[in-house]
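Please see the structure below; I have some questions.
For reference, chains read A, B, C and D in written order, and residue numbers begin at 1 within each chain.
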């Protein structure tokens, strides 16, 4: 591990005065990015709120066709991955490279698990015809169910995409952790990846009740 | 003068004499993969100005079509496609990135006294994403070209059966704008972090130049508003392809809901456009009148206030759209709230001129022209926010004139003023002052003729986005034809003024006189401490900020303004021109050659764009302003009183102009 | 300020225990949300679910993302973005919930879906736009996965829901707690009418003299739709007094 | 207040800024417009005048002019924040008051249904049972309430002379009312972009005397005095036949095409044959599902009670004339 002594440590970019300035700058940058993500998903939550206000009976009728068991499993998976991610960041902060690598790998594993469960849910719905409006072909649900299911696919699809991006980012961080880039002096990339991952989990915490549970 | 002390032991790399950010590295790749905020700023400048020219040409086509009531220049949808492209290119490709990304990227780190922005790689990524977004939008032209207007209202944009037949072009355009939005977010994140974390030692928030405040407020809006545009465009794309039932009434959606989503971003976006313009004006007004800004805190805080309130007022675009009456009332009231900080700023700028020493060089002419045009733009906004009058003028040419006065009369004129102000620092070359003033005059007259006539068109009832107006009743058609012709002639004058600016600025790049001194305008912000053009790492030693940004030497407690000190008759701004020149060096040629090679022809017309920028910026000295006013006075009988008041001031200015 | 990398920037590390406590709390809360959704709480189920979600979010943001221990500006950034989200939600709902204050007709959210247009017997204007691909008749849905007690339709929870963390009061502002939801598309089964915004899928095409087939009727004073002659309620100058409509037979869910 | 308005708004005829005022509300709107206009002129002259005065008086005379050290003046700053705020409030209140009266249609206004269709406005007067009218006539000095909707994209109904404008939405009704005070014909524009012929989506409102209005409504809103040759295609279009039946040969819609069909033999769904003659057309219009042509669904709605015998004959002649 590169000793962080000396005047110009390896990871410090030239335009920063100190590692502390660089760390706080990148954390602020990450939080601004998260603020932007909150508003990005906020938009689709407002869409959900509006459509639910306009079509209460559709949402009542249609969400019965979502598989609550699968949703609950996914929630647990994501919360666990959030834990392993947080432990990974903590390990990086305490110079425990082996544990960092392990935790990151676990997080990626859980993320993939989440996507697999998602795959089963989607394939079932596509098979039965509960898909987006233009190709919606299921009958027998009151109101205009295509709205609920298109919204379901839009929201969970967007979230799934973010999980996928999360996996790619975490894999890159894992690779760098294995190379020994991180130490208690320089763990910002792991921390930022962690922040991003926790936000993805945060969004699912709201998605799950809104889509699967609420009566 | 700020005393420069070595802030810390950083060994500043050895720089051979005469090397600067332009010639420090060679070759196309050194430009395309640069991490230097100055080079990224120049590339943004080149790209955005090139598309300003494209958008401008499209505008000329639109104006030419409207010369005659019948639709003779374009048939069928072509006109709709041309005005949609004009809108989309001007809004998304040019005006949103132009000031923050081009001038902001170049000047912000210099003003803060740092070596670079917080995240140089993200800065470059932002430029690359801007190019990718532009490529998408341009490809949409080939794929059938969008004809929905830059607002993409549903169900016209979302339902192929009833709406636009532009097929996949809409998807390309939506994705293009989605990507451009992302570039805007990255710039915003970069600037906020830089301002927070990387100010020079000693530079507290109230010692920062007001330019930084303006760009900071813009960055806040960019970060918070653009994601909602992203989700809106994404939902619209899904609505058009897979169908959701949120915007498209055929599937159960509500078009007014789309307007809420769209304008939640687009109104803050118009503040993303004007706040950087205001930021530049705060600098120009002080530097060129050598006087401390009048009311630093009110201006700084009103920038932030505008940024926040801009999120509360979007409904005033939808007064006639079937929005509920309660919502319209709430939005109308809040829109008046946003007018107050804007008014404070304009009054403060005018008050800054009091007892100053105002030099009428080209940047200052653009600044004064901004005050003139933005005042009209701002005041006509009152008609649009008052409920009863907006019903009459909504979606007519009155609104077109209003937002052109604010966006073009405001942001673009300020952008050209800023470009001339920082041109010596950016390129190390002087532009021709007289050509600058002449082009400024042309732009000022052309602008007023073009758009003031559209106010009349609009209040007489001429709807917006009309390909032809021959179906109107005879007397209405006669009025429309007359004012459309006036407006089109004005647009030709405006275009002429802009092209002249383009030419003399390009000329200055090659054969402009070298700028000898570091601080040609005698300004006090930190970017004038480093060489002209700046070295690659901006400062040899990191500057320490010991005083406010506007503490000019000329300011003295008992100073009564210009002429108080009669002993020296050589005016400050003339000194520079007559100074001995530094040895000619082909730096500028080399840079241009590389750029020409570096960027593919479309993005690489750097010179073309700069010339276009200059020509747009060329502003007429006060005399012309008064002549334009006088000319307008004939049209608006109500202002005769003002014209006479100006007449006598015009005469001595006339003399002054002949003397030069 | 030649800052060594080490001294002032020692990362703030939480004890391991806290992580597992937070993890446990999150699991418990997840169980709670699922449990809450099973037992029937009627219209305010949404608020409870949102409350629990907000608490869970609080845990994740506070501990896992270290916001509790970081500089205050970062919390400002995060909660600031939420404020703008609430603004977006609130103003959109101001519009949505008050669209019929002046004139009843403006409220009818008549959805001009394909089958409704077909049923229009006396459309005065050519409306034949086909929206759905009719094609072969679609596969009939298997019965809902597990036959739960048919959710009590009760007063339609017209209260808008789910903004992201923090806005639990989903009713938005001035939301008319819409009552009964007009159900059924074209089968005109639903009778309850929602005075807030007509949510029925039926259309009430302003056909001359035509009877409105759809159900988007406005309870209380107005007739089914503006269609029938001048029966349209003449709105008084100020917002007409909106009576809470008597709940007729609960909206049957057409299966 | 009304004296001030007439002073400001000038006579009802066209002024430099505003078209002539032809409705009760128009004067109010003009009143506010000119109030804001004169306010703007005052502030504009003030700001630009002061600016030009400063530029002339404090023109840079020497390189080392002395400029005064002024950083701000709180009294002035407070003044120029409070005064504009008060003026803005006045503008808002006045605008809101008149706008509310623009929105609330008075009792007993004449009920007109407007349907916007890509590139034409259709009016219907339910009380007189006539629709498909393309040039609306309204009596003078009587409130008229338009309940508008669109059948495809957004449109916006704009009458400059009445100073009224409202969008026509495909999924909702929007309401607009006016009380015309001048006889004559007034332009109606579409001000919400709706595609290729957005700029020719034009219509007229003719303000007539009450007597003439009654005569017009009794004659089927201008339908009856049309010659059968003109009436046939109008009814065909008005009743929405083109939506399913094409008048071009070979174009199969929801219903069979009609060009050149008159007099030919058509096989029905149940295999039997029938000759297309007057009687068949009349029956298919009144009771469409009796004899459905093979290959088409029984989806045609009945037009019983919506087509008068005179219109039926004109329709049959029109179908006969289709080649």
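What we mean here is this: a contact is a pair of C-beta atoms (placed from the backbone, for glycine too) under 8 Å apart; a residue touches a chain by one contact, two chains touch by 3 or more.
All figures in this text were calculated on a predicted structure; none of them were measured in a lab.
S.K.: As a test of whether you follow the contact definition, which chain pair has the most C-beta contact pairs?
M.R.: The chain pair with the largest number of C-beta contacts is B-D.
S.K.: Taking each chain's centre as the average of its Cα atoms, which chain lies closest to the overall Cα centroid?
M.R.: B
S.K.: Work out the mean Cα position per chain and let me know which chain is farthest from chain D.
M.R.: A
S.K.: Provide the C-alpha centroid distance between chain A and chain C, rounded to the nearest whole angstrom.
M.R.: So the centre of chain A lies 24 Å away from the centre of chain C.
S.K.: Which whole number of Å gives the spacing of the CA centres of chain A and chain B?
M.R.: Going by mean C-alpha positions, chain A sits 38 Å from chain B.
S.K.: Could you tell me the distance, in whole angstrom, between the mean C-alpha positions of chain C and chain D?
M.R.: Averaging C-alpha atoms per chain gives centres 33 Å apart.
S.K.: Which chain C residues reach two or more other chains?
M.R.: Only 1-2, 73, 80-81, 84, 88, 92, 96-97, 99, 102, 106, 109, 111-113, 129-130, 201 qualify.
S.K.: Touching at least two other chains at once: which residues of chain A meet that condition?
M.R.: Within chain A, the residues that touch at least two other chains are 7, 17, 21, 24, 28, 32, 35-36, 39, 41-43, 46, 50, 54-55, 134-135, 144.
S.K.: Residues of chain D touching 2+ other chains?
M.R.: Where chain D meets two or more other chains at a single residue, that happens at 100, 103, 152, 170-172, 174.
S.K.: Could you tell me which shape the graph of touching chains takes: line, ring, star, complete or other?
M.R.: Other.
S.K.: Mind giving me all the chain pairs that touch?
M.R.: So the chains that touch one another pair up as A-B, A-C, B-C, B-D, C-D.
S.K.: With touch defined as at the start, can you tell me which chain D residues reach chain B in the complex?
M.R.: Its residues touching chain B are 14, 16-19, 28-29, 32-33, 36-37, 39-41, 43-45, 47-73, 76-77, 80-81, 84-85, 88-89, 91-92, 94-96, 98-100, 102-103, 118, 152-154, 156, 158, 160-161, 163-167, 169-172, 174, 185-187, 189-196, 198-200, 202, 204.
S.K.: Considering the complex alone, what residue numbers of chain C touch chain A?
M.R.: Per the stated touch rule, the residues are 1-6, 8-11, 13-14, 16, 19-20, 22-23, 26-27, 30, 33-34, 36-37, 40-42, 45-46, 49-50, 52-53, 56-57, 60-61, 63-65, 70-71, 73-74, 77-78, 80-82, 84-85, 88-89, 92-93, 96-97, 109, 111, 113, 132-133, 137-142, 144-145, 148, 151, 153, 156-165, 170, 172, 175, 178, 181-185, 190, 197, 199, 201, 251, 253-255.
S.K.: If you look only at chain A, which of its residues touch chain C in the complex?
M.R.: 4-5, 7, 9, 12, 17-21, 23-24, 27-28, 31-32, 34-36, 38-39, 41-43, 45-46, 48-50, 52-57, 60-61, 64-65, 67-68, 72, 75-76, 79-80, 82-83, 85-87, 90, 93-94, 128-130, 134-135, 137-144, 184-187, 194-195, 198-199, 201-203, 205-206, 208-210, 212-215
S.K.: Give every residue of chain A touching chain B within the complex, in rising order.
M.R.: Going by the criterion above, the answer is residues 7, 13-17, 21, 24-26, 28-29, 32-33, 35-37, 39-44, 46-47, 50-51, 54-55, 131-136, 144, 146-147, 150-151, 153-154, 158.
S.K.: Hey, which residues of chain B end up touching chain A in the complex?
M.R.: Going by the criterion above, the answer is residues 8-10, 114-120, 122, 185, 188-190, 192-193, 196-198, 223-228, 230-232, 234-235, 238, 241-246, 251-254, 257, 261, 537.
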